[in-house]
Every structure is written in structure tokens, then in C-alpha cells.
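Okay, so subunit A shows up in both of these, paired with subunit B first and subunit C after.
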Partner chain A sequence: MTDAALPTARPSRASLSPRLVGFATVIGALLAAEGLVQLGFVNRFIVPPPSEVIDAFRRIVTEEHVFRRFLATAAECLVAGVLLTVIGVGAGVLINRFKLLQQAIETWVASVAAAPLVIMYPLFLVVFGRNALTIVMMGFISGLPPTILKTIEGISGTRQVLVNVGKSFNLSATQQFWKILFPAALPTIFVGVRLGLIFALINIVGTEFLINYGGLGALITDLAERYDLAGTYAAICFVILVSVVFFLALEQAEKWLRPAD
Partner chain B sequence: MAVDTDAILVADNITVRFDTAESALTAVDDISFKVQPGEFLSLIGPSGCGKSTLFNVIGGLLTQHDGIVTVDGKTIAGPHRSIGMVFQEESTFPWRTVTDNVAFPLELVGMPRDKRIERARHFISLVGLDGFESRYPGELSGGMRQRVSLARTLASEPKILLMDEPFAALDEQTRLLLGDKVLQIQQQLKQTTLLITHNITEAVQMSDRILVMTYRPGKVKRIVDIDLPRPRSSEIVTSEAFGRYVAQIWNDLREEASRGMRDEESHALHHGAAP
Partner chain C sequence: MAETGRLRQPAPPAPLVGPVALLRIAIVLALLALWEFLAHSGWLYRDVVPSLLSIGVAIVDLLSHTAYYYNLGVTAAEIAMALLIGGTSGLVVGLVLGGSGFLSKAFEPYLYYLGPTPKIIFLPIAIMWFGVETPSKIALGTFSCFFPIALSVAAGMRLIDRVLVRVGQSFRASTLQMVFKIYLPAMRHPIINGLRLGFGFALIGTLLAETRLSNKGIGFLIMQADATFDMPRMYAMLIVLFVLAIGANALIGRLGGLDSIKRT
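Up next, the complex of A and B:
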């Protein structure tokens, strides 16, 4: 270890190359699909040509009001996200605080994280009815296990020396939590919240699709039931785009919240 | 040992035992010493002699022990604001800037933000980190991060600065230069300092007295007065007197270090791991 400040990394042109290659790959795949469908190698009644899908984007915007649907899905995600952050992180903190509770239920929470919770939607329909609450609760429940587990991991993984620094300054238990444990755990907690939100988005769109209610998932069901294949594929692409934007936004939010990294 | 009213810090008959699965292990056995105000005392000993255990006892992090520790004649039974600790491991808060790290103890006592930033800047300057106030620890080298830890501890204005091998993870050149910096600060602030170390050069370079410990259980083997002129710097390592002190302390330590090595080898032979 030396006594010199570390150099700050500068962005290079080389870092643009992976993005360009990735973009070119997507364009190449679309052109290949177009060619295969137009030449008759792929049945156009199963896979519509990408040109028709791109054209259908205009339709789903003007006729199917995709942005209004998107706002419905986004609102459900937002509510689920707030619930996840407040209840998920809070539950993780509480479970970590009481070691017996942690030993008793951590394995259960981990098991639930691996379970396909989307199959619980009939139960939620019975409990909450066919409305946005069912969709929000499905998203919330799906995102809860990773949020709780990562919160526990973050707090219990705080380096002992940082805890000892707090003790050496005679911090109370509350100060120890807010001044040391929570900020030290924040990067891991944020990973948990991010995972939770991604799980929530998947399950919210999935539940909308299954119960044909609400935002983007319900739009896909509508279009599929009308056998509007180009529109269905356009809506699916829109959901994928939303997921990508959502993921990138979370990454940016994480960078903003963790300036030290 | 009677409590010395002149001494700022007194460790009196400190004994620490740990119960292991096989037996009770005495890590520190009946250690007593005193530190006078403004004095620089080093505790040196081989690995496994209980130095860090003693660090935790004096700092109040380890309360299960026999004997007492007093500061200014008052017994302490836990972490105490009179004692500022600098740890061996990197201990800056990565989520805080250098200024906010150093201002941490001032924030705890409710000092207004403007005033604590001003105080923090004073201590940042003292450890030679001007210009790095807004940096995060992740942007600094190991030596600079240790200086931030030192500044943070000094900002709490402790009566006693307690350091546990603070330069152990640094290279030799950085260690010598940081030793200079610590000496300079200690002399400037007349800071009572207790350094735990296994590095003979570092101990002789900085100390007024060196307490040499035996291998497990840790006892006081000898206390050596270091009669080298002050102010000192790392240049003193080239002097003849410095060499004599190093040789003298190594003579005391060699036997203990050999005993420790034999013990570790024997333990590894029978249990497959170091004790």
C-alpha cells in the first residue's frame, strides 16, 4: 500500500464499442428475422415481420393508448416500490435486530424468494378482488424476500472495525444504527431494493396479463385475444423497453445515492 | 500497584482469560503500567502476546477482565471519551467525505455544522491532507486513509491517543513517513500516546518508553527508556544509539518470538491451524 491518491478513471472511446456492438447485434437480428419471415422460412402468422411490428408501435400509441397503460403499470410499481422500501427494509432491520427471529425465519424467507409466487394470484384475487390492489400486492410480495434478505446481509456484513469505531466514540444503540450500521449497509440494501423492484415489475405485468386488468400486461392480453400479432409483439417490445429503462434508471439512482462509489 | 495520581493512564493488574472449547486461555497476565501526561509509550511483543487484547481493554471494548484501568484517577468500565482509538484495519467511513469523516466526533457532540467543518479542516491540515477535503476514502491510498482515521480521532481531542498497529498494512517507506507525521503531531499537541506495535523500529523511533511483552500469556518482560533527543524524525533510524536500542529490544523479543513460533508450529502439527 502506498501513500498516493488513486488516479481518477477517465472515460475512453473503447467503452463505447460494447454499446455499438450491442446495438448492431439487435439491428442484425431484426434484419435476419425480417428476411426469414419475408422469404417464408418462418410463418408470418406466428411471428410477424419486424417491419409490421415497428408499424404497429404507432397503432398501440394512438389507438391502444399504451402510455396511459404504462402510467397505470408505473403507478402500481411505484406503490409496490414504496411498500417494499418501507416494509421490506424495515422487516430486514427487525429480523437482524432479533437474532432468534433471524435464525428462525431467514431460511423461510430465502425459500420464498426461490418460489414462483405468481401462482398465488388466484388467492390474491379472492382476498383483494380483481383490481389494482391485487396487482400491487403480487408485486410487493414477490419483491419482499430479496429486499429483506439483502437488508439482513447488509447490516450483519458491516465490518467489525466500523462498529468498534462507533463504540470507541461511545455511541448509543440508536446512533450506532443510524450513523454506522445503516449507511454501511446501504449499498447492499439498495441492491435488495433494486432486485425487489425488478421482481415486482415482472410480477405486476405478469399479473395484469393473467387477470386482464390494468396496464401493459392487460394490453398484451387484449391484443393477443384479438389475434393482433403485430400489436402484441409491439406491446411486448414496449414492456421490454420499459424494463430496460427501469433498470437503467435504478442504476442511475444507485449511483446518485452512493456518490462514494 | 497503587494508583499514581500523576499518571494520566494507569493499567493495574490487568488479566484477561478466554474460555476455549479445550481449556481456559490466559491472554494477558497481570500487566501493570502507567503513562504520564504527554508521554509516548509503546507496547511491543510478538504475535499472540495479547497486545490487541490489551488495546481493547484500555479502549473499553473488552470489559471482561480482572484489574482496573484508570484515566486521571477515575476507573473506566467501557469506551470513554478521554481515550481516542486508531485501529489497525482501515476504519474510515466510505460513505463520508474526508471532511465529514473527520467531523464525525464533533457531529456527535452537537457542534454546529460550520464550526465543525472549520475544526475538521484544522485536523485535516494537521495530518497533511489539505486539498483532499471533498474526496471519499475510496479515492485515497491506504496511508491517506489511515491519516483520515488519525485526524478523526484527534478531532475528538482525546486525553490519550491509543493506536493499534496503525501502519501495519503500509509499506516501509510510507510507514516511516507517517511515523514522522505522528511524531510531529504528538510533539505539537503534547498528546499522550499509547502505541501497540510489533515493529521495533517504529517503537524506538517514536517512544519515550517501550514496554516489552512476553509471548502468551502476555506479561511485562521489561520497560526500556528511550533516551534519544527530541524532536525526532525518521532520520534518527541511521544513528548509532537508535541501532543499539533496536538491538537491545530485539534481544528481549527474539526469545519470545521463537517461543511463539514453536508454539504455533506445534499447534498446527496437532490441530492443523494456527492458535
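Up next, the complex of A and C:
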């Protein structure tokens, strides 16, 4: 064996898959938590052992109708998403169409994006009542500013050469919009819709949790109020899982719209 | 000469109020008029849309009571504490992940995908671990602001000009010297940006936790107004809160020199 072969024979740190190390660390942390709880170092009435949480998954699926609740949350997200796409993108197009209006209110929209809109939920409760409409409106309102801002950015950022091509073909304003501006801005508009949907999901689940109504958020409140700790942890894990899958799906859709990236 | 003479002609005076400002004033006035019309129309339940006068009176009343400032102080202290703990831990984690490609690939996806999850759902755990008092609000604020700060710092660390790092290494700077003399100054903008985002998330996390279970703080006051159906007071609190939040956000950006990025 030559000296040169030695480094390849020994598994180096770089040859370990980082993803594998990350996953192994998470599993290790869960095993450590299990051991600490089982040995009594951590109070099991505060932190349930991970094995109980895994077992509780079965319970929340069979007894708590988690999929029905998931569908309720998904339906709220869908309605908020449709509203965001129609009204948010429409408002962005309209604001961009009138430059004076854009100069006047674009900074306002950006300021609203920095405001803690979700804290308005008690007001929405009074206005719309304790029902799905309040939850949908909370999701819609919180996702509106990024959708509008990104739509404006996308249309404003259309390359001048494309606009000039449209002009050289004597396209009408409507044709110019549908054939040049909108297709060119679509990837950026989708970034806005994606951000809007993420904000909407966060606020929809958050509002469900806070007003104890609807789908997955309300499930966590139900279980926490029953002091079903393992179930609460399992439901939280389920919501995280749903959020991650939702996030990944939107990311894939964005990649599909931006093949060059 | 004729050219010079033309140059000496005084420029036409600029209008006192430009068209943008005029349009803004018109929009504000139209919205206020619409609001007042709705308040008196009887189309909505009584007091759901209170008159502008009653909201104005409620704002004055709110700002003239010391109890409001006490509760504002409680919320501000909780947010400051959350930002301190979440910001420091986010900074350290961001520096570690940004400085190592291996660790970044191993652990950053977890932060990246956990970042956009709704943090308020962790409130039952926070209450279980830290109790119903202030620490659980701080914990939720900390957890909320940790992710954007850590991700922003890690991304900023990867964008540092390699020349600066080599300069530090050529001076045989220690790890601490590298952090304080090279990395942190070079990452000022991403850190401030992360802090801005983190502030927003900490604010939301803390306020929502207060609305859910608390006996002090702005979130508690909002829920109190909701419980007593004191709508002018609720609107007043939301308006003051939004003004403070937007102002604080802008202040963090200005102090960190984020406005200078746009000019360069």
C-alpha cells in the first residue's frame, strides 16, 4: 500500500455524508431524551419520552381525526391562496399600472408588511365571528403585502428589450400585458405568492390555535387543554411536518417556474 | 453668451406639495371619509367600526394612562430579552454554520425548514417548561427570532469577501480576533437584516403568547378590550402598536445603516 493510498483508505470527515451526520444527530438527541426521561433525570410530565410521542401519532390519527382536521386547514389555506393570487396579484398589477399610485403607496405596503398583523385576530373575531372566515381572512391579510410587493417588482423588472419587442409589434396595452409583461414577471410573482402562502399558513394555523377553532391548530389546543402531553407533542410534530411538506412543494413549484436557476 | 444667459434664468419654483404627496393626502382623506361613513351607516354591528372621534379619544386616553406604559414596558422588556437570547444564540449558530460547509450541509436544512413553521403552536410546551408567567413569553419570542437571525448570519458569513478572511489569516489572527475584527464587521448588514426580521418575529411571538395566557403586557390589554367589547380602545391599541412596531423596525434598519445599501 502506498502512502498516497492511505488517506483514501481511512474514512475522512469530508467523506461522511453531512446529511447523514445531521440525521444521526437528530436520532441521537431523541435517544438521549428518551434515556434521560426513562432514567428520571427529566420529568416525564413536562417532557414525554419520544417513544410515547411516536405512539401518540397513532392515537391522533385514529381518535383525533387528524386527516379531517388537516383537510380543514388545507381548505382554509386554499381559499386564502386563491384570494391572495386574485386580489394580491391584481392589486400589484393595478398599482404598477399607475406610476403615481405606485410612488404614493408602495412604501405604505412595505410598512404594513413590517407590522404584526396577526395581532389583529381579536378584532377579526369581533368583525367576522369565531368561524373559518376569521381564520381565512387572517391568512389572507398577512400574505397580502409580500404578494403585492413581489408582483410590482416582477412587472417593473421586465427587461426593456422585451417591452420594445412588444411595441414593435404594435401590441395593445392588454396584449402587451398578457403576452410580454405577465409571462416575464411570472417567476417573481410566484415568489410573492409563495411568500404570501407561507405567511398565510403560519397565520392560519396560529389563529386556529389561538381561537381554538378549525383544523390542526385547534387540535393542539384541544390536546394541551386535556393535558395529553404526548398527543400535544405529536400534534406539534404533525403540524411541523405539514409545514415542511407545504414549503417543499412550493419550492419545487418555484424551481419548475425558474428552470434557469 | 445666449447660452450663459439661459443658464442664469431662475428655475421655475417647485410646487409646495408634489403630486405624490397630494395623492397620498387624497387617499388618506378618502379612507377616513369611508371609515366615518361606515361608522354611521348602520350596515355593520354597532361599534364594530367606531367613529374616528371615538378612536382619537381612545388613543389620547390610552397614552395618558400610566398603566399603558407599564404594560408596554413589560412587553418591550420581554421582546428585548427574547432578542438578546435568540439574537446571541442565532448569531453563534449562524457563525458556526456559515463557517463550516460540512456543518451547514448537516444542520442548516433543519433550520431552513423549521424557520417558516408557526411558532405559536409551541406555546403549550413553553408554558410547560417555563410556567405561565413572563419566562414562557420570552421563550416563545426567543424561539421565534432565533431562526431568521441564524439563517441570515449563516448566509452573510458565506458572502464575506475571501480576501478579508485571508488578510486576517495572514496576520495570524486568533479565532476570537477573526470573529470580532473580520467576520462581524464584514457581516454588519446581514446581521442587522436578521435582527430586523428577528425583531418582527419576536414581537409577534411575544404578543400572541400574551394574548393567549397572561395578566400583563400589550397582548393582555388587547384581549381585555376584546373581552369588554371596548372597540375604540382596541383600535387605539392596534394603531399605537403598529406605529411603534413599524418605527422600531425602521430604526433598527437606520441604526444598522441598511438605508445606505440602497444608495451605494
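Rule of thumb we're sticking to: the second predicted complex is superposed on the first by the 226 of 261 C-alpha atoms of A that agree within 3 Å, B and C clash if a C-alpha of one lies under 4 Å from a C-alpha of the other, contacts with A are read in each partner's own complex, and residues count from 1 in each chain.
Definition applied: contacts are C-beta pairs under 8 Å (C-beta built on N, C-alpha and C of every residue); 3 or more make two chains touch, one makes a residue touch a chain.
The shown structure was predicted, so the numbers you read here are calculated from the model rather than taken from an experiment.
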Partner chain in contact with A:Leu210 - subunit B first, subunit C second, else both or neither: second
Between subunit B and subunit C, more extensive residue contact with subunit A: C
Partner chain in contact with A:Phe169 - subunit B first, subunit C second, else both or neither: first
Touched partner set for A:Arg159, first subunit B, second subunit C, both or neither: first
Partner chain in contact with A:Pro183 - subunit B first, subunit C second, else both or neither: first
First (subunit B), second (subunit C), both or neither touched by A:Ser243: second
Set of subunit A residues, in rising order, touched by both subunit B and subunit C: none
Residue ranges of subunit B in contact with subunit A within the complex: 59-61, 78-81, 83-85, 87, 89-91, 93-96, 104-105, 108, 132, 135-144, 156, 169-171, 174, 177-178
List of subunit C residues in touch with subunit A within their complex: 19-20, 23-24, 27, 44, 48, 101-107, 109-110, 113-114, 116-118, 120-125, 128-129, 200, 203-204, 207-208, 211-212, 219, 222-223, 225-226, 229, 231, 234-235, 238, 241-242, 245-246, 249-250
Residue ranges of subunit A in contact with subunit B within the complex: 1-6, 8, 159, 161-162, 164-165, 167-171, 175, 179-180, 183-184, 186, 258-261
Residues of subunit A touching subunit C in the complex: 13-14, 18-19, 21-22, 25-26, 46-47, 100-101, 103-105, 111, 114-116, 118-123, 125-127, 198, 201-203, 205-206, 209-210, 217, 220-221, 224, 229, 232-233, 236, 239-240, 243-244, 247-248
